[in-house]
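Below you'll find a set of structures to go through.
In what follows, chain A forms one complex with chain B and a second complex with chain C.
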Partner chain A sequence: MMTVFDVMLAATILWTAWTALTAPDRTAAIAAFLVFGLFVGLSWVRLGAPDVAMAEAAIGSGLTGALLLRASRGMTPPAPTRVTAPHRAAAVITAAGVAGVLAWAVLVLPEAAVVYDPLVDANIGDSGVSNPVTAVLLNFRAWDTLLELVVLLAALLLVAALRPIRAARMADLGPLYPPFLRIMAPLSIFLSAHLLWLGTSDPGGAFQAGAVLCGGLLALFFGGTLKTDGPDVMPLWALAVMGVVVFVGAGLLAEALTGTLLEYPDGADKAWILTIESALTLSIGATLLLLFSGLRQGGARP
Partner chain B sequence: MPDLIYHGVGAGLVGMALYRAATCADLLTRILALNVLAVGIAAVLVAAAYRGSDVPPDAVPHAFVLTGIVVLVAVTAALLALAERLERDGDAGRDNADE
Partner chain C sequence: MTLLELFGYACLCGGAAFLLLAALGLWRFSDLYARLHALTKADTAGVALVALGAGCLDGRLVAIIPLGLTAILVAVSGATTGHLIASAALGEDEGEDENEEAAQP
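Then we have the complex of A and B:
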């Protein structure tokens, strides 16, 4: 029975992906991409990866879709590309070759994926948290996560440098929007804090919490309550930078206390992880909002 | 069994995305293709981490994929800003070069 479900879900994922890549209309393509992300998330829940599925639905599908829609507004519709027969044949051979090798790889390497697992199992007791994904992200491989935050900040700087242009005009959202906002904005903060706390033992964590917080901030942004130009942008910038600052500070402090970079003192791991994750949540929420809204300093360009 | 099906889906997504990235000149479609490519690779990793319905899956590939999703959104935002800039200044830049 579940096999039928799997096959149908697999077919839906492939079909929505193909629609997203080939639809002649931009809005249709982006809508297909949104649906595609949600179905992929569903397939990952099926494979026992709810943490990843949540992040894919919120960030990979929702926020990326919003970014794409925002960008597509100012772009001309796609013109059909002329492709010569040899070009097309080369593309087919490359694509089919890479896909075939990927599909074949799993059949010849069935036991390849069990290298790290015993190490995680053996050390999870020392990590301060019981969700293995959080333990890997914030303790065993905290260095990777720190650099990931730096990547986010670098992307934000690039967007800020490239997009100091005309103000996006907000459509009037009608009289029902402020009451909606009064419910949604506090709810997103609650949900975000809940996911953050839950991340230590169950699916959840800083990235999912940050994405939910970004949703709330975006709702405020659309309502005009939160402005990302003029002097109001400075607190958001401070929040965006804070994640890296707190993470680096914690790493150096841990170095001073234990002699190893990002090796938290024994017994206090959970407090350290939660402190870092709280800073990351606020930072990710602010960074994602700024990536969406773009940044405008007054009078930078005509 | 489900891991094999979704592993195949991941491989199929990678193939589709590579094909469209190679045969379409439109910038937004190429950015979409990059996203589908990344999701395809993530699907292969998540499928590789699965070991049956009653055994907890391997957490390390999951952490890789989570990191990948966040990096991907940052890359997408940066690419979209570049594409918008090209779209807007592309013609003006050409005019200036002609003068």
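Then we have the complex of A and C:
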């Protein structure tokens, strides 16, 4: 029974991917990409990786889709291009080659891949949390996560350094929007905090919580309640930078206390992880909102 | 099979039927307003019925709360986005002048 579901799921993923690539206009292509991301998220659930599924659905599909839609508004419609036969042949050969290498890698993989799981299982008692994904992300391999946050901050700074995007023209969203906001904004904060807390024992964590928080912030931004230009933008910038600052600060403090960078003091791991994750959640939410809103700092610029 | 389970399965089937009809409406109806009509209402009812059915089958509070929340969120966001899409399309249909006015609250 589940095999039927899985085959249909795989076929749907391929079909939505094809639709995204061949859609006549950009908005339709992005819509197909959004649906594609949701089905990929579902396939991660089927593969037993709910953490990845949530991240894929919230960030990979939802927020990336929003960023793509936002970017596509500022672009000219795509010019009709004629693809020549040699181009097509080159694309087919490249794609077949990559697919072949990937298939070969997957076939070779099982012998080498089982080293990591027993190590995590053996040490999870020391990590302070019971969700192995959080244990790896915030304890065993916290260094990688710290660098991921730096990458996110670097992306934000890069966008800020480029020419400011034309101001988003906010349409009046009608009488139904304020009541919608009154339900959604508090719920997104509640859900975000829930996911953050849940991350220590079940699927969830800072990235998923940050994405949900960003959804709520975006809803406020669309309603005009939250402004990202003028003096109001400074707290958002402070939040965006805070994640890296708190993470680096915690790493250095741990170094001072235990002698090893990012090695939390024994027994207090959970408190350290939750503190860092709380800062990361706020930071990720603010960063993604600033990326979306186009970073018009300090009002009009030439 | 208890009566509650029977009711749960009936709800699941009814919800699936509503969702199928919504998909059919989205596919077959000719214009945007008719499609929205099919999608928003049938979708909301479908998800709510599926959630109710799943809640009856599971019975635990820890499952019923997220299911109820899901149904409410789908209902609220479906109604709002449906309204937004319809009013945006209406603005485009009635010409650019109106659209410009609507854009500047």
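Rule of thumb we're sticking to: the second predicted complex is superposed on the first by the 292 of 302 C-alpha atoms of A that agree within 3 Å, B and C clash if a C-alpha of one lies under 4 Å from a C-alpha of the other, contacts with A are read in each partner's own complex, and residues count from 1 in each chain.
As a convention for this text, contacts are C-beta pairs under 8 Å (C-beta built on N, C-alpha and C of every residue); 3 or more make two chains touch, one makes a residue touch a chain.
Worth saying up front: this structure is predicted, and the values here are computed from it rather than measured.
Student: Would you mind checking which one, chain B or chain C, touches more residues on chain A?
Tutor: The partner that reaches more residues of chain A in the superposed model: B.
Student: State whether A:133 touches chain B only (first), chain C only (second), both chains, or neither.
Tutor: first
Student: Touch check for A:162: first (chain B), second (chain C), both, or neither?
Tutor: first
Student: For A:183, decide between first (touching chain B), second (touching chain C), both and neither.
Tutor: After superposition on chain A, A:183 lies in contact with chain C alone.
Student: Mind working out whether A:174 is in touch with chain B, chain C, both or neither, as first, second, both or neither?
Tutor: In the superposition, A:174 touches chain C alone.
Student: Do chain B and chain C land on any of the same chain A residues, and which?
Tutor: Overlap of chain B and chain C footprints on chain A: empty.
Student: Taking the complex as given, what residues does chain A use to touch chain C?
Tutor: 169-174, 176-177, 180, 183-184, 187, 224
Student: Which of the residues in chain A come into contact with chain B in the complex?
Tutor: That would be residues 2-3, 6-7, 10, 13-14, 17-18, 20-22, 26, 29-30, 33, 36-37, 40, 43-44, 46-49, 51-52, 55-56, 59-60, 63-64, 67-68, 70-72, 74-76, 78-79, 81, 83, 87-88, 90-92, 94-96, 98-100, 102-103, 106, 112-114, 116-117, 120, 132-133, 135-137, 141, 144-145, 148, 151-152, 154-156, 158-159, 162-163, 165, 205, 207, 284, 288, 291-292, 294 of chain A.
Student: Touching residues of chain C toward chain A in the complex: what are they?
Tutor: Interface residues on chain C, with respect to chain A: 69, 73, 76-77, 79-80, 83-84, 87-88, 102-105.
Student: Can you check the complex and tell me which residues of chain B touch chain A?
Tutor: Residues in contact with chain A: 1-20, 22-29, 31-33, 35-36, 39, 42-44, 46-51, 53, 56-63, 65-67, 69-78, 80-85, 87-88.
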